[in-house]
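First subunit A sits with subunit B, and in the next complex the same chain sits with subunit C.
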Partner chain A sequence: MSTNNENRKTYYESIINQGYSRRDFMKFSTYMAAFMGLESSMVGQIAQSLENTPRLPVIWEHYQECTCCSESFIRSNHPIVADIILDRISLDYSLTLMAASGHQAEAAKAETMKKYHGEYILCVEGSIPLGDDGNYCCIAGKSAKETFLEAAAGAKAIIAWGSCASNGCVQAAKPNPTEATPIHKIVKNKPIIRVPGCPPIGEVMAGVIMHVVAFGRLPKLDRLGRPKAFYGKRVHDTCYRRPYYDAGLFAETFDDDNSKKGYCLYKLGCKGPMTYNACASMKWNNGVSFPIQSGHGCIGCSEEEFWDNGPFYERTTKVPGFAVESNADTVGKVTAGVLAGGLALHAIAANISKRKELMDRINRGKSNEKNIDS
Partner chain B sequence: METKNFKRVMVWELPVRFFHWVNVLSIIILTLTGFLIANPPALQSSAEATNLHSFGIVRFIHFSAAYIFFFNMILRIYWSFVGNKYASWKAFWPFSKKMWNNFWHVLKIDIMLLNEDHPDVKKISIGHNSVASLSYLVLFLMALIQVFTGFALYTDTSGWWLPKLFGWVSPLLGGDFMVRTIHHITMWIFIFFSLVHIYLVFYHDWLEGRGEVSSMFGGYKFVREDRIKKDNTDENKN
Partner chain C sequence: MANRIVVDPITRIEGHLRIEAEIKNGIIVDAFSSSTMVRGIESIVKGRDPRDVWAFVQRTCGVCTTVHALTSVRAVEDALGIAIPPNAEMVRNIMEGALYMHDHAVHFYHLHALDWVDIVNALKADPKKTSEIAQSISNWPKSSPGYFSDVQKRVQKFVESGQLGIFANGYWGHSQMKLPAEVNLLAVAHYLEALEWQKEIVKVHTIFGGKNPHPNYLVGGMSCAINSDGAGGLNAERLMHVEKLLKEGKDFIDKVYIPDLLAIASFYKDWGAVGKGIGNYMSYGDFPTNGYADLSSFKFQQGVILNNDLSKVHDVDHRSSEEIKEFVNNSWYDNYTEGKDKGRHPWDGETKVKYTGPKPPYEHLNVEEAYSFIKTPRWKGKPMEVGPLARLLVGYGRGNKEIQDAVNGALSHLNVPVDALFSTLGRTAARGIETQLVANWTLEFFNTLMNNIKNGDERMANTDSWEPSSWPNETKGVGYCEAPRGALAHWIKIKDEKTENYQLVVPSTWNASPRDPKGQRSAYEEALIGTPIADPNLPLEIIRTIHSFDPCLACAVHLYDEHGKHISQVQNIASCDS
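On to the complex of A and B.
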């Protein structure tokens, strides 16, 4: 936790002061370049910019959330991420990780907001409840909405960490009692990077921050405001089990032989085919594994309203407005059956109602048949 | 016994018939492969994934049929500007008085199965009747939904610019989950449409005896002689 705002060291200085060697620093720069999907020639640029840029003031707000994003972040691949970027240097305010508390902490935040107006990065973890005047989430006597708008006003850019801040996540699932709202629906006039996931991958979070630090601008975003480098591909398209999918080899239950062989989990409700994230390529916990590799389907945690998009373990299409058990195919089959029955009844009714017309025509046809000349 | 005389009239020109049957085929293939993709059957095979590509082939067929469906639709749109009046876009325009008069007539006679005391032969449609053309208009919208949602799901795995044009659909609808749901439900509407459509074609053939079924093969329908101008038989009169 930074306590001395006056002395803005560069990232490099801070890293070296922490006892890391230049070699560690270069490794870190290379890691970061790789995470961001940059070519190796960019490593130098990252290193140079870390050597020369004074650290970016960061305010990290926590609203309706479970802190899994922070947990993920401090477990990212390289220790420098946790040590330097988050823990020691960059963070001016973070409920979870700062040493100060109470009025002291709020004062530090106010100071940063005033001093670096228009310069600091606002990181938001958690959604903001709008119901009942925002009373469902209050920090230091203020509602989340109030705090957020205050902090957003002077921010250079806002990073929405995790599905809560990006999409609303579980607290925004129907019926959303607190009216939990993702931040892009509250503030429109600031650049917002959405980094969805429950939580997002630590390396992705580090990569996003490092991009802003190293290049002084936001990473390239897709139409939903997610960094293209990490959310440009579906989990499915980068999944190592994809060959089984293309081969048509699927696990039918979690304990069958196919599952043991590592076949595709598509039929067990894996949401990989609809989920944009980097899990399959970056993996989790220092690249150890990711859900599908551990034998569990993707639940689509980085997608909007993933809690409301049908059961996790079934590949069904939920029909809006119907009971949970009914999927599109059940409704379709019943409707098609009713329709076919209705058509059969209509056919019978038609023959009864139009019998005179029909008989006349049949008789005329028969009389012509009798009178065929040649 | 006196019988009516009919003249053979070219109602459905060749491109319309071509469109119809290509459309039928591609919809059948798309629906079958679509069901397979939504819920693939258990494959009893001990082959290595390297040597199998069955699901990939199913998907390939689905995507190929989708392209055929799409370009076929464009052909039909083109023909609605240069084809005869039964193929014209005007036949599907739902905002004319004539259209709605015919609509109530068809509803009364063919849906509610009422009988008229003095049937007027001129009220029988030669091309599409209004209820039918409205249903095709709805189906056209459904086809557009399928094209937009289908290409939206396909776009990220394609390098071609055409599917890429639909990249904005998924973000607009809030992600692939919703797009897939819409794609799947709309497919069922195609199935419902086909049921009713095929039934009504048989119904009209059976009750009117003007070659409704065969018209989509040869293009001809049979129109009462008194509805056709004596001196100029080339031109069809309503």
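On to the complex of A and C.
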């Protein structure tokens, strides 16, 4: 993967040098395999890759963003993950964490871009404003677009962190006053991994980076460029409240008896049926909870233009663009059809053990929803 | 002859910030602070459902995540006359308290410490002596010579690897780095520990708000319904998890953060005379304990102090059109129709971006005209400093015994006079002092919540005014809070069930703004005046003072001389080959 390996230590060497044992290393490898949704037989392969792979130089840019992605990234749970990410990839440029400022910071980036041309990974947090010739976001006196194109030119691959870099996010919501633009619309000739979410789950971010590190190649992506491992299923299909939806048991208002019982939040605007993300399966902050478990509907933050698909507290089927007579599952299918190109029913079926059971559920859901407004 | 130096990007902050400073005889004589990024969120929320706005404006910042959501729901509740249930108030307080603990500790270790701690120098430490120091200042268990020796070995291997990552080109070996090697090693060990610790305390947000960053809020209360006898809502298991997290969080604050802060500060007492600032301080007050309408129940009190005079504290009125006003005379926005030198109260404010700065790539800004995307807020025409120091000084001036004792305790521990508070050191110390106070209060809030539930009150949201059809045709409101970085307020106007106008005035707007029509500097710019710069190529002193405010925007600093020419590139002093 690299021509500059002479002085760079492998992950395994680095970990052992840090005082971790071989056992810790295997534990970490197993953990990463689990995060990446791999079979246990793959653990050995990950471990072997890590043992022989030198540290990967990473440049992390910030444009129009709120730094929630960086914050989420450092929440990644397993301690050794934090060590690996902060120490074992070589994070050579990060406005949030790096010691140097000003010229010293820019010099560090320039050195990495030159020395590891064609090898480094470029991570982008934030959208790029194209309005008014790019004057709306400048760093070190250069426009965001200019710095992005410079950094992208020598990158092996680009990771679009979060909904800002992937979809434009809040600043691209109507009327998008600064012409905030996701990065795949600016650079076309590089592999780009889109990791949407506001922010993405910390462990998902670690998982994506570690996939690249461990295997030296990008994870399998769907048609939208999202890693299949984390964006292949709807929140609705993995939600523990799904049985309430199927049974027609809904919270009617916040804090009513039904919401205290943990009934389905669909009628309070939950966008789980149209949202592809790992929140309901992996949950947040080491599996502590996720929005629906804490009583608030999913706002769909990993979906394109989710800010304009609101209002957040209105039922999905009332969302403009969807037929009033449709239900959560057809909405999900429409979304999937538009966004992911036909993977809808198949992905759903893959998630739930039996296809027939799924169809039964959809039919039950349909009849339940007919009664919602009555 | 003055040299002008530029620092851009200023790192270890949130956002994009640039500082240009003029240096004469090794002293800063003038400074300009500029934010170089804009998104236009205020115009994006126009026409939206006011109940949705918290989520949009929450994305203003993912570092101090929650405070904009909190302020927004308070603004909407104020406009609609909604009083939230006591449980929701306590949950909001607990979440905000957890944010203080997280945000301030992360600021100290990961955003500010590298200004004072020389990581490379830690290699020269004797781990035994570090252990003795650690055990003399705290009973935190990880303090053995073997522990510090292991940390040192890790740093050694790291430096030898030839890839310094985030530590490349740092200010190692700078003449202003004053810590003994043993204290440097202690701080490096805790830098790494804090990085692991910080992901725990935020789980409080995950339990109540479903995720962190960006947990969910709700107009009228909180969405995390209580069900003490069910698995569907907040029950004893969930609440005990919160208590455990809060206690462990407090333990780290008391046994690691505060002892480290005092130990490091004792080597930098001279910074008690640097970075003095404007001398005006403002706090809106926060942490209500008897309803948001009862100001007297707030743990942090509201008020304004002028000219460092703690004997008189003035009241703040967010609704008065004569008190808080924003100016755009030096900002990249269209001037108000009434004139360039006029200010507007936020209820009547507008955000019309009009960039008139230099075309990128540029060497420096034209500071004679507009030079920032930040507007300039003033209280009764005066610039204000906001933040932890302002909160403590207002509490001190108001005669709050708890705050007075905490401040006096730190002053006597460091053996420095009261004047040392008005400084770079004072801001950094104040942040730690208040973290300890807030950690205690947060456990009080938790106990109040538990007692409420015990007494049978399980309400978490007031939905009486949830339906827009129940709202008046036109109304307006203001919400405010004390964000970790200082006084924060949102003003909303609602018309025909939609957001008609929305304005945010955030802490960094007060502190980082450009000059007002009278030419008065704001806090960052003023605090830099008089700062000695040992080496203009390595402007560590600028970064120290700017970081003492914990900026929440993106900063940039370039270095250039009086002809606008860049000073030569700084060599890589941290090179591992050397």
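The working rule: the second predicted complex is superposed on the first by the 305 of 374 C-alpha atoms of A that agree within 3 Å, B and C clash if a C-alpha of one lies under 4 Å from a C-alpha of the other, contacts with A are read in each partner's own complex, and residues count from 1 in each chain.
Assume a contact is a pair of C-beta atoms (placed from the backbone, for glycine too) under 8 Å apart; a residue touches a chain by one contact, two chains touch by 3 or more.
On a predicted model such as this, the values are computed, not experimentally measured, just so you know.
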First, second, both or neither for A:Glu304, with subunit B first and subunit C second: first
Subunit B versus subunit C as contact partner of A:Met98, first or second or both or neither: second
Which of subunit B and subunit C A:Lys174 touches, first, second, both or neither: second
Which of subunit B and subunit C A:His62 touches, first, second, both or neither: second
Superposition-derived comparison: subunit B or subunit C, residues of subunit A touched: C
Which superposed partner A:Leu249 touches (first subunit B, second subunit C, both, neither): first
Overlap of the subunit B and subunit C footprints on subunit A, listed as residue numbers: 310
Residue ranges of subunit A in contact with subunit B within the complex: 222-224, 232-234, 237, 243-250, 252, 266-267, 271, 273-276, 300, 303-306, 309-310, 315, 317-320, 328-329, 331-332, 335-336, 339-340, 343, 346-347, 349-350, 353-354, 356-358, 361, 363-365, 367-368
Of subunit C, residues touching subunit A in the complex: 6-16, 36-41, 43-44, 48-49, 51-52, 55-56, 59-63, 65, 110, 114, 119, 150, 153-154, 157-158, 161-171, 195-196, 198-199, 202-203, 205-216, 218, 220-227, 230-233, 241, 353, 355, 357, 359-364, 373, 458-461, 463, 466, 538-539, 543, 554-559, 566, 569-570, 572
In the complex with subunit A, residue positions of subunit B that touch it: 1-4, 38-40, 42-43, 45, 47, 49-56, 58-59, 113-115, 156-157, 167-168, 171, 174-178, 180-181, 184-185, 188, 191-192, 195-196, 199, 203, 206-207, 209
Residues of subunit A defined as touching subunit C within the complex: 7-9, 14, 17-19, 55, 57, 62-72, 74-77, 79, 82, 86-87, 89-92, 94-108, 111, 129, 132-143, 146, 169-171, 173-178, 180, 198-199, 202, 253-256, 259-263, 279, 284-286, 288-296, 299, 301, 307, 310-313
